[in-house]
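Provided herewith is a single structure, encoded as structure tokens, for subsequent inquiry.
Residue numbering begins at 1 within each chain, and the chains themselves are lettered A, B and C in the order written.
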Amino acid sequence: MMIKRLLAAVAAVALFAPQAYAVEKIEFWTFSMKPKFTPYFNAVVASYEAQNPDVKIEWIDFPWDVIQTKLVTRIVARTPPALVSLNVPWADEYARDGLLTPVDALLGEARANYLSSALADLTFKGRTYGFPMYSNVAVIAFNTTIFKQAGLTRGPASLDEQLAFARQIAQRTGKAGIAPALSKIDGLFMQQGLSVIVNNKAVFNSPQHVALVQKLADTYKVGGLLKESLFAEDNFPAVIDAYKGGRLGMLLAPPTAMQRIRSDARDIYAITDVAPAPLGPTGIADGGWLVHFAIPKGVSPGLLPAVGKFARFLTNDDNQLAFARQASVFPTTIKAAADPFFLSTPKNAGAAEKAVAAGAMSMNHSRTLYVAGIDDYDELRRSLVKAVEAGVTGKQDVKQALDQAVAIWNKKLATLAPH
Amino acid sequence: MKPVHRRTLQAWLFLTPALLLLAAFSFWPVGYGSVLAFTDYSLIRETRFVGLDNFRYIFNNEMFVSGLKNSLLFLLMVPFVQIGAISLAVLVNNRLPGIRLFRAAFYVPVVTTVSVVGIMWGFMFHEQGALNYVMMTLKLVNAPVGWLSNDSLALFAVMFVTLWRGLGWYMVMYLAALQSIPSDMQEAAMLDGANRWQRFWKITVPMLRPTIMLCSILSVLAALKAYQEVDVLTQGGPMNSTFTALYYAYDQGLKHLKLPRALAASFVVSLFCIGIALLCLRYLKPKHR
Amino acid sequence: MKIRSRPLKTRLQLIGQYAAHYGVLCAIAVICVFPFWWTLVTAISTEGNIFAFPPTFWPKAPSLENFVEVFNAIPIWSFFKNSVLIAVFTVFWKLLLCSLAAYPLARLKFRGRKLVFGLILATLVLPSEVNFLVNFITITQMSLVDTYTGVILPNVVTAVAILLLKQAFEEVPQDLIDAARVDGASEWVIFSRIMLPLITPWLATVGILTAVESWNEYIWPSIVMSKPDEFPLSVGVLYLRGTFGSSTRVVAAGTLITIVPTLLAFLFTQRFFMRGMDGAVK
């Protein structure tokens, strides 16, 4: 028995050893790309394989709610895919747990091609962990009829103006002015330059934070904020419905939303105008959500150069431009983001085209806003959102509510090792 | 070799493959998992013993604690399931025309895979889905209810689906038990003038007692271990309100690769289950032959 | 029927009782069956708003194009083939190993019998669902991730199957066995030539129950398999929903394709299920 096995092993080695070069297999994963983008990715794969005959690319797409478990399975089995699509909060957690491979070396000179804001999103503790793919940025769409009724002539230029306009709209037209996603109040704080956590302590009960929430509460009181789903995890369906129904003055959304308005509510679309979303004092535009390709830990070091080469190809200017055009998102390379497709608006541009241009202008200011470095962050966010809800709806004094939430956060943060 | 010994050897040979697999996949996980729950098991560095750290973490973690509470809430279902199943069993324990069809209809949810159940009930629970239509037509509610998107309701929606799936299974158990009740006792009671109700309570129910005990225990254990329905219906949402203790273990272990915490959570669930099972065995033993 | 021979008042009472009886049965049957009906209607219709108020209870513009779409969109034949493979091998190994284990417990006296029996009963007490984490780690250490073996192995031996088959063996008359032993047959021959053929109905029962259970298993295969092409149907149908979330009709069609085999198997083999339950209750 042993001899037979030995012979078989020798034969195998003899057969395969003299091969000049082995075909390298690269498996890359995306999420939520099928079926719409199947032709796009198949084309990218085919074009790369044609140029690199010694590489075989396998593309697998997963629903976004499943890709994390599949990735973890393969990492545990020590057979991870070479590249995997992730969003920034996921990448932050995996990088923290040592499950991603830094890609600084593989980015090399191509680094300069990417938007600095995108790379900043992917840099944790001084090392970069991904190849930026696409992102988004919000624009403000406003209902010009409602604005005229309220005596407003242009889009708001800051959060304060947004809230002031909203109050004006409510008072003069009885309609809601704006519908911020208050379940993401942490991102709002950060965009306005108010940190949520400093030195491992929650600080969102400072006077500035309280003032911000108070402004929201005042706007809410006069009906300036849309009441439906104001604090829901995902208030977007309710918000866009309200805007399409002519019940909302301003809509903060990515440019794709304009297309939906165009197809579902032509009359409102016709009276919609668009302006870039106001940058906060931090110079960060709202609505950033970067998706990128990361390299999991466990990919064999010998394969890394080939993986890097493919990743750079996958996220180069041409491919990003083609994808962004198809998907109505924004590319994250400097050249692609500056492409005339985004920046120029045709003569009779409707809101959708203007939105794309407005967004493109803000792309380099687009950062994914989230609170990094904390496991099970959602449970903390929940207590913050509940406190803000109590304060904004007037059920509780704002400072009191925030103080309580800060206490809850600090209790949990004290048990965590500082990052 | 004496025949007795040879038989022992042969018996063990027969048993070995099965016992090996049972050892590897039923006993080993319980033992090894319990040990690992006290370590910081990780793939990228050496494992160290950390005592109660993992447990301290999970019991301070709202997701796990509310998950544990939810698992205990699932226990509320047990009486409903059992009473429902017994009632159904009684209702179908006859030879009425078409009764076979009804039995099959009640059992169909049991033989449907969880993923399909989740998809179908996802349709039913949709804001513009059939359930809301019925509720609104019957004027029970005025506006569409977000069964799976409202964090106060979602858990009950998940519990309902678990009940829906389980009813038929227990019904069949009770049906089998009912059919093994000797009919002469019922006939004697009828002759004595006992009406339906009295016969049910004085004869049927006591004879069903072992089955009721068995089914109740199984139901309790199933409620504590519920997590698949959560995965296919809500993935723990909205706002983590449908987490159960074991779903927490699944989520932490296989989505976030935080294995020590996941193992600690599953250890807690195991403790509950084994504890309840042992309690019941002690309580039940004298009654069993 | 005894109704006709009774006086009118009692007759009406009886009819009322029967009506109520059937009424309750129908109401519950509707709750049990309606989701399937809705899915069927949605899968077959090609027009109309899926989530319209009031919902469509009857197919509109029926056609099979949603089913065709499913076949084109996802590798559903692969899913089907995978489910079949997994089910067949699970049934085979389960029947083999569990009957091998049940025979000594039923018919042989040997040292340690009580212990083994106790161990097997003990697994009934252990919360098996909880084991998925460690079993997953074990499977990865055996390099069985992304293999059907990894999916099948933990499920092959279960206490319930062993106990059912043990009961089956106990029903075989002892004199057959004694006669064979007197003839000098080895245990293996007794087992394979005499015992197994005699318990065929029980083997069929366990086999069918196992096949259905394996076909329906969702969480373990979804943990072990990570390549969509290798998913069984129960996992693949969720992949379908995840990918085609917005095409409800296509998802409905895929769902039907998944459950039709189980439903058919169930309808034709109902008595096996009921018999399995009988055995379990004992």
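Here is the rule we go by: a contact is a pair of C-beta atoms (placed from the backbone, for glycine too) under 8 Å apart; a residue touches a chain by one contact, two chains touch by 3 or more.
The structure displayed is predicted, hence computed values, not measured ones.
Of the two chain pairs examined here, B-C and A-C, the one linked by more C-beta pairs in contact is B-C. At the centre of the protein atoms shown, by the Cα-centroid criterion, sits B.
Distance between subunit A and subunit B, defined via averaged C-alpha coordinates, is recorded as 39 Å. Averaging C-alpha coordinates per chain places the centre of subunit B 16 Å away from that of subunit C. One finds 42 Å separating the Cα centroids of subunit A and subunit C.
Each of the following residues of subunit B touches two or more other chains: 254.
Among the residues of subunit C, those touching two or more other chains are numbered 136-137, 223, 238, 241.
Among all residues of subunit A, those that touch two or more other chains are 65, 69, 73, 76.
Listing the residues of subunit B that touch subunit A in their complex gives 43-44, 56-57, 60-63, 149, 235, 237-240, 254-258. For subunit B in complex with subunit C, the touching residues are 4, 7-8, 10-12, 14-15, 17-19, 21-22, 24-30, 32-33, 36, 88, 91-92, 96, 100, 102-109, 111-124, 126-130, 133, 136-137, 164, 167-168, 172-173, 175-177, 180, 211, 214, 221, 224-225, 227-228, 231-232, 246, 249-250, 253-254, 259, 262-263, 266, 269-270, 273-274, 277-278, 281.
The residues of subunit C lying in touch with subunit A in their complex are 73, 136-137, 140, 143, 145-146, 222-224, 226-228, 238-239, 241-245.
Taken in their complex, subunit A has these residues touching subunit B: 65, 68-69, 72-73, 75-76, 93, 97-99, 232-233, 297, 375-376, 378-379, 382, 412, 415. The part of subunit C that touches subunit B in the complex is made up of residues 18, 21-22, 24-25, 28-29, 31-36, 38-39, 42, 51-55, 97-98, 100-101, 103-105, 108-113, 116, 119-120, 123, 125-138, 153-154, 156-157, 159, 162, 186-188, 191, 212, 215-219, 223, 233-235, 237-238, 241, 248, 251-252, 255, 258-259, 262-263, 266-267, 270, 273-274, 277-278, 280-281.
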